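The following pair of complexes shares a single chain, subunit A, combined with subunit B in the former and subunit C in the latter.
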Partner chain A sequence: MKIIVCVKQVGYIYHPIAIDSPGGAIDPEKIVYMLNPYDEVAIEEALRIKENFGFEVIVITAGPPKAEAALRYAFSFGADRMIRIHCQSLDAWSISLALTAVIRNLTYDVILCGRKAMDTNEGMVGSFVAELLNISQVSGIVGLEIVSQKKKVVVEKYLGRGDREVIECNLPALFTVERSVNEPRYPTVPSRLKAEKKGIEVIELGTLGLRFDEELTLSNIRSISPPKPKPKKVFTPDSHLSASDRMRLIMSGGMAGKKSDLFEGPPETMANKIAEVLIQEKIL
Partner chain B sequence: MEQQFEHLFMPIQLGNVTLPNRIMMPAHVPRFYAPFLEPNENHINYLQARARGGAGLIVTSPHFVSWPTTRPFHAALESDSVIPALKRLVDAIHEYGTKVFAQLTHPGSVASSRALGGGSIFAPSAIPRKSPFFPLFQEMPREMDLDDIKRFEEAYAAAARRIKEAGYDGVEIGAMSGVLQHLFLSAVFNRRTDPYGGILENRMRFLTETIAAIRKAVGRDFVVGVRFAGDDFTEGGLTLDDAKEIAKALEATGHVDYLFTCAGLEGSQHIPTMYYPLAPFVYIAAAVKEVVNLPVVAVGRINDPVIAEQILANHQADIVAMVRALIADPEMPRKAREGRLDEIRKCIGCNEGCVMRTWLIAPLTCAVNPEAGKEKEWAIIPAKEKKRVMVIGGGVAGLETARVAALRGHKVSIYEKEGVLAKDLTVAAKAPGRQGWEDARRYYIYQMNLLGVDIHLGITVTPEMVFKENIDAVVVATGTLPDIPDIPGANSPNVVEMKQVLEEKASVGENVVVVALQNHMHGLQMADFLTEHGKKVEMLTLSSFAGDRLDQQTLEDVYTRLVSKGAKFTPLTGVKAVQGSRLVTYHVLTGTEGVIENVDTVVFCTHGRPNDGLYRSLKGKVKELYLAGQCASPRELLDSVLDGAFVGRQL
Partner chain C sequence: MIPTREIFWNVGDLRVAIYFLAAVPLGIALYGILRRYTKWRMGKEEKRLDHVPQRFRSLVQSLVGHQKILQESYPGLMHLFIFWGFGVLFLGTLTIAFQEDILFPILGKKILLGNFYLLFSLLLDIFGLFALAGISMAIYRRYVIRPRSLDRRPSDIVMLSLLLWVVITGFIVEGLRLTVLEPSWALWEPVGFLLGRVFNTFGIAAVTQKGLHKAFWWVHLVASMGVIIYFPFSNLFHIISSPLNLFFRSLGPSGALAPIDFQKEKPFGVAHIPDFTWKQLLDLDACTRCGRCQENCPAYLGQKPLNPKKLIQDLKTSLNLPLRSREDLPLAGQSISEEDLWDCTTCQACVESCPVEIGHLEKIVGLRRYLVMEEAKIPQEYKKIFKNMEIFGDPFGGGSLTREDWLTNVKTKRVYQDNNIEVLLWVGCTGSLYDERTKNITAAAAKVLNKAGINFGILGKQELCCGDPARRMGNEYLFLKIANQNITILKKHKIKKLVTFCPHCFNVFRNEYPLLGGAYEVIHFSQLIKILLDGERLVVKSKTEGFFTYHDPCYLGRYNKIYQVPRDVLGSVSASGIKEMAYSREVAFCCGAGGGNLWRGKTTGRRLEEMRIEQAIATKTDGLITACPFCKIMFESAIRQKGLEASFKVLDIVELVDQVT
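Let's turn to the complex of A and B:
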């Protein structure tokens, strides 16, 4: 049985970035790259299946030469082959066309992808590839089980509120995985070193019968701008308080309580007092 | 050192103008010249000193767009003849790379027709302002009609055109602290039923039409900003919710380049006193900043570049306006940039020299910076002859004398009988909310060390000691001695003096009568101190109200405190005798006697007696002898500092 895992190298979203003025793109100098965390889960799942059933695992990515770092990291989990389709960063549709063109020429039973990429957050490639290959797909799985060698897989999806949907799926099929499926391993140094030495099969877009990058894209980014920074929260008196209460709160730095009248006495008098106050405040 | 203030010194674009940094000196009224005339040399030197000190933007004021009353007269901005004087002002500021805007305003009902020669003052509705402590501006205004509104809008536009011609970089429309534009915005003073009153959109109409008229007159290549109050702190007035709507509406006009938020309609919020926490109104700027994309300016007791940097780093504002901070120390931006933070003389919020003087229609100065307003006359000039100067007295007068003398090159030594310098400031700071005095003290002590003044503590100087020393000049600044009026019962055990109570050297009972014989802070802060400690206080004063020599804002704040704590005020009353727990009083006008029973303690707050014995013994016996500060006659801190500054320049 063969498993293909599609991976993507993403920019680490928690590292500060710079916007290449005038609003065109993110400054490439400032990006810290890593393997998409969802894809880490996918490759880990593939490896667990391999460890149980001895299947072959192929990792594939579509990107520029620097994406090989992520590819090698994924490979070091214990995969068998690495393929990189050489292209620049393209939109989801173009990537899907490229991946499909290569996968079509491979034999496979299961294709695993991360549910979405952490930087673009779109979650479309997996579904596009499955459509293009005309195979079954289940997205956002949280559990996967190979039903022996019967060319069937049972997967689980969250339905919300703790419920899960159990789906039985014929192979070949594509699944996109949620992060909760497993805890990815930490590859050992020897396996990382092995991944460095292993050759990567690089495929040019042109050889796939696909044309220039620009013509493939269906969507392009018009502009990127940094988010408008939110002012740090500072004590703000409620506008509905009276002016003198607002003043007292400001003077005490937000500590003084609201001045209130405290009425004490037997229920009858209190009832009258409350009615008075409600009428005074024009509530009644 | 610039990394510490990376936000503060980052340039910013307003419209087509780039400010070199985020420090703004906003418009304020120093009263070096009447607001309807043209700026004079004094004013130009004053502002230029702030430009030289490194402020990024100065907004000049006051600029009345037209005469304040119905009796037509000439306001400078109404004619092109003002342009040369404005040009001189602009050039003086541009010389240092600082940008300059002009605040266009009209006083509305913050005017006195009596002082201006007659006519009626203007307002959207015939509602006089209230002023609990200040008699001047409480006149009944005339309700403006539609012709008046149109005339004013044209006046704003014409004034803006002249400002542009004079070479200014932009204008700011003043709509805060109860000036005419603010009166229209606030439902407290705008009860109109025509399209200029009612819902917020109507109340904004005068402002938005004015902005449009100005934009038409100056074109797109000129900065137009609006300064408005984000909260009136008055029942029925603008609140922060309104401020956000106003901000959005102003941005939507497409004519405005920046917004400047502040606080207050008639109250002390406009010029927050020592009683306010630092930077108390930054939340207004932060709230407005969340709903608009325009740059926002924050203001209000921001007396420290570190706080300013925090505000910018927290994205609560884009520019920080620091008026009194720059009055107190025009070199503050440069000192911050160079990392000399300890040398910054901070504004302490006493409002003594700035607000108190200008409200009395006198030129502005500063209690901690006597050079403010006298930048040229009191520039530090090195002494022709370097003298050995002995300053006797380590209070503010002595410290200021020593500072100036040392700066001018004299060899100064200062002698203080207490174990610390400026003990009086420490004692004054013990009153609630008066901690700002400690800042002044910190500044002076730092300066003494910085300037290499010889400090001798714990030494009571006698004439013999003076004669023994090899000195050229002596300055006596020995302050005052405590004083209690010589009335029957003054020696009773339950009669104490203010300083004893503040220093907690006297025990005070539950029911206290405070006799406020110095009509400045003494009585009020004593009552504040005692009520904080849970005492029941009744305050007697000879005047119609205690503290009538204080500025409006401080009075408002301290009275609010005292009233909320249940203090009782008995004006126009003096003390005739103390008989145990019984106080015999008299009415100042009629002489009628009265009695206050159950008095546990009587606290006298007086000026004190001048402690000038040493001066008298030295007179005629030393080469050069000077007198400075309270020992000449007991006055305020400001006066001690001014004395010291004067004597220091005489040496």
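Let's turn to the complex of A and C:
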């Protein structure tokens, strides 16, 4: 059995970044790149299946040379082959065409993708690829189980409010995974070193018989602007937390502060302060 | 008659026979020693034969001076008595042997004559008493006082009893000889003389006394042989292993860790006993189970499972396993629990207190390295820290662009805009990314530098984590990656001098980056302040009225021996000086944030920062000054948890200096 995992190197857009020209792209120098967290869950799931059943795992991405860092990281979980389709950033449809063209020439039983990429947040590539390959797909799964080697898989899809849909699927099939499917491993250093040395199969778009021009691209970005100023994050409104609780809050991003003043201090001064505010606001 | 002693009087001419007799116990002892040697040789190679004269001198100083041992008065004195008591007795025996087997047969001379003999006899009696006192103190301490730091094994009482019996029978033999021979100089052997008087009161006939003398002489001989036979298999083996350990100790900076060659070494870190170096295995034999490491370990005192003494002894148990099963027992997670390994804050209180220079910390980090890099078995919280450091360049995941947020209206150069500077202010991750508690330190540092007119700059957005947390947590691969990136950036901007207020950054740049090719002049901010105050480039406008206590950060104090400089600075800026806490300087109690524990969630036992802040509050001062942002984070949380922030301040020394200049 073979598993293909599609991965994407994403830019982390949740920190301040610069737009490099009016309406243009995000300045590439100012972005931190990483393996899409949803794809990390997908590759982890693929490896768990491999560890149970010994299947071959192929990791594939479509992107520029710098995307190889993310590809190697995914490979270091324990995959067997790495493929990169050489291209600059394209829209979801073009990416899907490219991926499909390569996957068509591979044998596979399961294709795993992250439900969406953390930077574009569209969630379309997985579904496009499944359609183009004409295979079954279930998106947004929260659980996966290989029932038997007789080409059958049972997946769970989250329906909201605690309900889950259980779907039995014949293979080959494509699944896009939610982040809750598993907790991705931290790769060991020997596997990181192996991933650094291992060769990546690079495929040029031209060899796939595909032309990418405006006609084929279904969407293009008209403009980008910086987001509305976010509410200033107050990491820990309660400053009386223990050091470890405080750190936990800080590491999870803190809380959005409301538009208000925060007063802190011992009870006596606080009581006066509260009275002051109540009087100011004409409540008292 | 000239004072002298007839060797072998009354027991027969055993001059030659004695050496054949001695061959057996010596042979067994040698076998015992060789067996331990083969155990050490199981370890990896390590070069420790540099600077031999310095090593030798330092060994002699430790042996003669006993400085570390004397840090605890009762056991220190006890050991001094035993060491010198038996040492001199042994030298006495050697002198006799020298005379009987070399001097007299070859040159026909005797030295144990006349005044020399009288002095010799007196000295041996006095030091014999010291030995007796020492052994008695030892038995009393281990079996009557029973302090928490000591455990009891059968081999302990066997060895102590043998040694006690050797000294007692020695005196009895002397006493019996003196009452039979009654020499005029008997008073020069006072103990024997007194014992002889006691024997006389029992009215024993001379002939019986001679018989008893012969018997006790043989008992004394057999007991001594017993000591020689048994010592390699008991705690007493430390008379060989501990001096060796002192001789081969690391001469490098305290706590500096050895880098890994990822192309050559296998495995990364320590999985089994042979993955340690021979010196690290020698450490295990040098341990005398004195328990000082345990009694100084903050984790142990905080009732966490980690116990450095138990760690060393458990490793020793693994070392002693028969060859066949050695590989089947991985250490981390099996004979050493993972939780123990993560509890360590890398404070080095254990290493500092150890009289025989055992390196507990390097073993813990070695085991951590294996867990992290080969097994990826890490506490849940640490995964994010490592990923943050790799992706964002800092453990908090704040990202480089937010590293300049602390700059509000403080004039600061960024070296990527203008690298014409005297010194780089290395801000560090806590100083730029944590929150206001630590960003205030950075702002204060920049203001102080401006006040002193220092032309400084910061890396700002281009600064990455110094890598110290990764290294201490065992992720040497990540550390190397980040360190190399830092070396490249510093080279690009031609940085040669760094000043930082974070002791972790200070320590790693000063003591560990040079091995990776990054050599810089590094000082801690407190050192810079002292220089500026002494040179009057910084002037105190009015001393603070506050009365404070000072907490020695582990990475400034024990790691780099910088204890007095911050105190001098505080002396210059505070009108009332400082009050020391109960445990300060070399025995300062760790804040608990080191070794990755800043990011570790809830653990068993007490919060270490709480224990330390209680010690601080007990000084009845207005607040605590420290010189490390990690410590400040921990202590601020601790004091606020207690609701005492209005009456007890927590400040970094840089903030205090900024306030008064």
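The criterion applied here is as follows: the second predicted complex is superposed on the first by the 224 of 284 C-alpha atoms of A that agree within 3 Å, B and C clash if a C-alpha of one lies under 4 Å from a C-alpha of the other, contacts with A are read in each partner's own complex, and residues count from 1 in each chain.
As a working rule, contacts are C-beta pairs under 8 Å (C-beta built on N, C-alpha and C of every residue); 3 or more make two chains touch, one makes a residue touch a chain.
Only a predicted model underlies this, so the values are computations on that prediction, with no experimental measurement involved.
By the touch criterion stated above, A:G78 is placed in contact with neither subunit B nor subunit C. Touch criterion met: A:P187 reaches subunit C, while subunit B stays clear of it. Among subunit B and subunit C, the chain that touches a larger number of residues in subunit A is C.
By the touch criterion defined above, A:K228 reaches subunit B but does not reach subunit C. Look at A:I250: by the touch rule set out above, it reaches both subunit B and subunit C.
Within the superposed three-chain model, A:V32 lies in touch with subunit C and out of touch with subunit B [touch as defined at top].
In the superposition on chain A, contact of A:S239 is made with both subunit B and subunit C.
Of the two partner chains, neither subunit B nor subunit C is touched by A:P172. Looking at the shared chain after the overlay, A:I17 reaches subunit C, while subunit B stays out of its contact range. Shared contact residues on subunit A (touching subunit B in one structure, subunit C in the other): 235-236, 239, 242-244, 246-248, 250-251. Here subunit A touches subunit B in the complex through residues 228-232, 234-237, 239, 242-244, 246-248, 250-251, 253, going by the rule given at the top.
Within the complex formed with subunit A, the subunit C residues making contact are 262, 268, 373-376, 378, 381, 383-384, 386-387, 391-392, 396-402, 434-435, 477, 592-593, 598-603, 607, 609, 633-634, 637-638, 640-641, 643, 646.
On the side of subunit A, the complex with subunit C involves touching residues 12, 15-17, 30, 32-34, 185-190, 192-193, 235-236, 239-244, 246-248, 250-251, 265-266. Those residues of subunit B whose C-beta lies close enough to touch subunit A in the complex are 231-235, 237, 239-241, 267, 269, 275-277, 280-283, 286-287, 289-290, 293, 314-316, 557, 560, 564.
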